[in-house]
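Both complexes shown next keep chain A, but they swap its partner, so chain B is in the first and chain C is in the second.
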Partner chain A sequence: MPQLGVSVVEGTVIRWLVGVGDDVAADQPLCEVDTDKIVTDIPSPAAGTLAELLVHEGETVEVGATLARISKTGRSGSHVDHERPEFHSPVVQRLAAEHGVDLGGVPGTGRGGRISKQDVLAAVEKPLHTESPYRAEAPAGQLSRMRRAIGAHMKRSLETAATCTTWMECDMARVEQSRRGAKASSLLGVTPLPIVARAAMDVLGEHPALNATLEGERYTRHEAVHLGVAVSLGEDGLIVPVIRDAHALTVEELGVAIRELAKRARKQQLSPDEVGGGTFTVTNPGQFGSLMATPVINQPQVAILDLEAVVKRAIVIEDADGNDVIEIRPQTILGLSWDHRALDGAQAAQFLGALRRRLERWDG
Partner chain B sequence: MADAPELLVVRLGVVEYRTALELQEAVRERRQRDELPDVLLLVEHPPVYTQGRRSRPEDLPFAPAWYAEQGIDVVPVRRGGQLTYHGPGQLVGYPIMRVDDVIAYLRTLEQALIAALADEGVAARNRPEDGIEYTGVWIEDRKIASIGVHVSHHVTTHGFAVNVDNDMRPFEWAIACGLHGVQMTSLADERGETALTRPGGQGRVEPLALERAPSPALACLADHVVARFAQAFERTPVEATPDALGVDLTVAS
Partner chain C sequence: MPTMTYLEAIADALREQLRADPRVFVLGEDVGAFGGAFKVTDGFVEEFGEERVIDTPLAEAAIVGAAVGAAVVGMRPVCEMQFADFVACGFDQLVNVAGKTHYRFGLAVPLVVRLPSGGGFSGGPFHSQNPEAWFMHAPGIKVLAPSTAEDAKGLLTAAIRDPNPVVFLEHKHLYRRVKGEVPEGIYETPMSARVVREGTDLTVIAYGAMVHAALEASAPEALDGASVEILDLRSLVPLDTQAILASVAKTSKALIVDEANETCAAGAQVAALIAEHAFEQLDGPVRRVATPDVPIPFSPPLEQAVLPSVERIRDACRDLLDY
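What follows is the complex of A and B.
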């Protein structure tokens, strides 16, 4: 494949315009190659008969790779193979000429034994005719567009916000008791997320500084809570659908909304108004057993609540008589990442403290 | 410049994407046979997502029916690059030119657009050092113009799209999970005139305007683009009607 420019290192053959056995003229387009911004056809370096295609449609090759072999003698006679000259890419030919390398003695490591740019360079560095230690590395995978988008979004958040994370332990006995209740269990699913979300809605009403967005120097507090819920799509990535007016929903309604949004997110059925306009976000790595994960703020929001796994711990509590006793209690850690540009640690701790009290006294 | 080769400039107004594609291919054939000089077609498209060779299904993360409801067409095309959007208020240019060095062509095209934006008082840049995937024109790290080309028998099709005052929301609808890998911008956004580019309130979906009154800002930029394009490629621009292309296609203009 010929060099298209210094920054182009590979291209994908998207269509062969000629087939094996076809007669081709010099400069006749042989195939179309796609780089990120350009689709271009590759002209034949010589006239002859197309003897062999070395790259399939859809295959990505590096600059310098041999794409096809052209026989100058045509297809007649049994000497075709014998007399068939090998055509190397212009880059390989140029490199070979520059370094005085005889291509006949260079082992090709590309597909079909073709000689790549690297093979020529390896031959320059090493004596010829020795076994090349060079082995083609497995082609590097490319990040999916979603992964790159998530990466850019996360980096931008970390570069934009002064991110701090505050942690608080929380006794989940009352929440667990509520979840075990026959009425609630079928609606609430397998995690305490809907209850924690409901409690967070109440606490945000008392701490409106956290239900806010900060864009540049424009800080806006929002009356309604449009709650973003991080949904894992497995290897594909992550999406944060938004439950609009979440402050007005009951625990059961939040549970249903979270489940429905997650289901539709995984089926790629969301609409844009369901992923935009959030004012506060909750993430639940606890569902996978996580004990502490520092969440990244979902810009331009100023805080994200993190729910961790609920685990049984032996902890010291005060009994009714005022004695310290050790009990086995379900505990979790509540985390809050917040933007120090918009608020201070005291507000974050007050919010988490209020949330903790509400959960420890939960009566649903 | 009097001796410079001609560049036929044809302003077609609003043209359906699929129609413009057929037109480009017809003009390319004539250019390949040297029956035409180099040509620059300037158009606007009704709302459409075009999927380049590297588009993935996840580039349109929402339900297909939802895009149809918005009145946005989806067209797969044989050009490089990923998914992009065209719509009313965006200046689209299709240079159909004979080129030898496609990378030099891309860079000259970028420089022409940068000069035209400078005429508008906007300081833009290209990013050759960042790699081929950053082809296009940027204002800081925001992308204002996209470029994708197809070269066949040394003749280019496809081209560039500059956001002038088009509704910018479809760019957000086309990127997975509401996250923005690349932030898109427009001339109007850069000037703080967001009434047309971001209609409606935060998170609300106002209907997408499928047709719009001709934009004076777009006509003004088109003049600058023609002048700077001709200058950068050392051509003499000659304004012409569609008839001058000599292709047998009905173009709604």
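What follows is the complex of A and C.
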């Protein structure tokens, strides 16, 4: 409130002529003030942006009181002066480009935190520990939204569950025989996944403790199997679409469902409903030749089945006469990561054993 | 080496050239019997006679016009304006005749016009100007502005020996205030810039009296030990582009100080040069300190308010150093 006359000690703001966020010029009228003698405009003492009105219309304040705050930096808010400017001087930009310096990691010592030429040169001479050692190979960038989501989910799972993994060898001769027979109809994919999934559905019916979710201390067994299938999207990441009521589907129907979901997942056409609500998950790193990959449980489920590569091995089996013979057979390793909070190792092994027997005697 | 004032060094150069080259003569108002308004040619008429130290009427157009004619026929005239301000009366002869004769007729015009310039002594609007930019804008004329006694002698010698018309700005404020060792005998100072003080954090570009103001303003003890480079242009035409750009490349910050009125002054040309050719070297805005676009007031406080002061230059230095 300026001193509007020698004897004036206070004034009443009648009307504001500008609002917060408005750009104001020097000497532009800001408000009308009644000093019980006259009504007069109060000119702006500076150019800038009106950041704050401190006196309401109708309010009477003493001479010297602050009526409003004007930000000279052109943006409203009281912290604007401390904001780090995004502008970099020409020499800073040039030096950063020449030396491959990521200016985001350079502390600024200039006015208002500005990065000065000296700051860049200091960063060139003494590379910051926070910088990636691979910056020469690839421009620095942030993780994609999907990678961040996967990362957060995986970390949460490992931090939440008491994850154990059980492995079991499995002879896949019958499964492979069945796949070869089915290829003519081309209903199945290139991997034994639909058959293994179908077998797992049957075994889950016998071991319902694994078709369950555990949220906090709330452990829920589910009647229906909503089967999550991990689908790789290449470098972009991974997504786990869910086949509803998978227990009710045939091998062929599972094969079609897996193929369709994978296709739509890669086209980013999945709806949110199709990626949630799973009760059990299967992952298939074997399609890429993996022999043993420890799966991470898809929270809040309690187990995840892992299908590895089918490879030919020389193994010892018993022939019809009860003699041990060495035979060349297609083998795989079945893995199961399970949550020791909800299950014990015996249940996991029993589940895998039952699945193994079912696959070794597959007659599809 | 003898110590001389800036004024004595100018007189020394003139005397030596008058002695060495019979084509050289001086002309101007009161240069003879009175020895010049500032006594630069004191004693000259006694040594060289009235034919070589010519008192003229109060007519600058006649002084410059006569010099152009003499130069065209092979003489080396050195004109004195009592005050640089008065050269406006000889402007046509200098800009339209002297500056263009080589281009129109292929004839050399080796003349020098000495311009006692600058303010700081309550000389008022007619006796304080810095008109160098008028001539920078006129093709065909060289423009020199020394800041030290040694350079004053060497540059005036070079100017007299130069085949082109040369405008020689001698700052009145420096006449008797600036002293220094000056080599004996004839020597030429190159028409290029000089690094007065080396520095790494900021370049201050100045000429004439402002070199001294810049030196005082940017003393390390006055600026928390900052390392400020001072570049004395010495010659405005030709302008030492290379030295300017080299210094800015080193420091990445430039402050240009000139005593002339701000608009279209020599400093504006330097600023434009830096903006165009050193953009990617800059770590701050190109700043200028100059005299506002007003005539120089008589009133001592008002004159001190408009001329670039040590304080204003120092504030600008600080602002750029902190940027």
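Here is the rule we use: the second predicted complex is superposed on the first by the 222 of 364 C-alpha atoms of A that agree within 3 Å, B and C clash if a C-alpha of one lies under 4 Å from a C-alpha of the other, contacts with A are read in each partner's own complex, and residues count from 1 in each chain.
Methods note: a contact is a pair of C-beta atoms (placed from the backbone, for glycine too) under 8 Å apart; a residue touches a chain by one contact, two chains touch by 3 or more.
Here the structure is a predicted model, which means the values were calculated and not measured.
Asker: Who does A:V92 touch here: chain B (first), chain C (second), both, or neither?
Answerer: After superposing on A, A:V92 lies in contact with chain C but is clear of chain B.
Asker: Under the stated touch criterion, which partner chain does A:R148 make contact with: chain B (first), chain C (second), both, or neither?
Answerer: first
Asker: So, does A:A349 touch the first partner chain B, the second partner chain C, both, or neither?
Answerer: Neither partner.
Asker: I'd like to know which partner A:S116 touches here: chain B for first, chain C for second, both or neither.
Answerer: Only chain C is touched by A:S116; chain B is not.
Asker: For A:A173, is the partner it touches chain B (first), chain C (second), both, or none of the two (neither)?
Answerer: Touch status of A:A173: no partner.
Asker: Tell me which partner touches more residues of chain A in the superposed arrangement, chain B or chain C.
Answerer: B
Asker: Identify the partner contact of A:P272: answer first if only chain B is touched, second if only chain C is, both if each is, neither if none is.
Answerer: Only chain B; A:P272 stays clear of chain C.
Asker: Show me the chain A residues, by the header's touch rule, that chain B contacts in one structure and chain C contacts in the other.
Answerer: No residue of chain A touches both chain B and chain C.
Asker: Flag every residue of chain A that touches chain B in the complex, lowest number first.
Answerer: Chain A reaches chain B through residues 4-8, 12, 14, 29, 32, 34-41, 144-146, 148-150, 152-153, 226, 236-240, 242, 244, 268-273, 275-278.
Asker: Show me the residue ranges of chain C that touch chain A in the complex, using the header's touch definition.
Answerer: 252, 279-284, 322-323
Asker: In their complex, what parts of chain B are in touch with chain A?
Answerer: 53-54, 56-59, 61-63, 66, 78-82, 101-103, 106, 128, 131-133, 135, 147-153, 169, 172-173, 175-182, 202-205
Asker: List the residues on chain A that touch chain C in their complex, please.
Answerer: 89-94, 110-111, 114, 116-117
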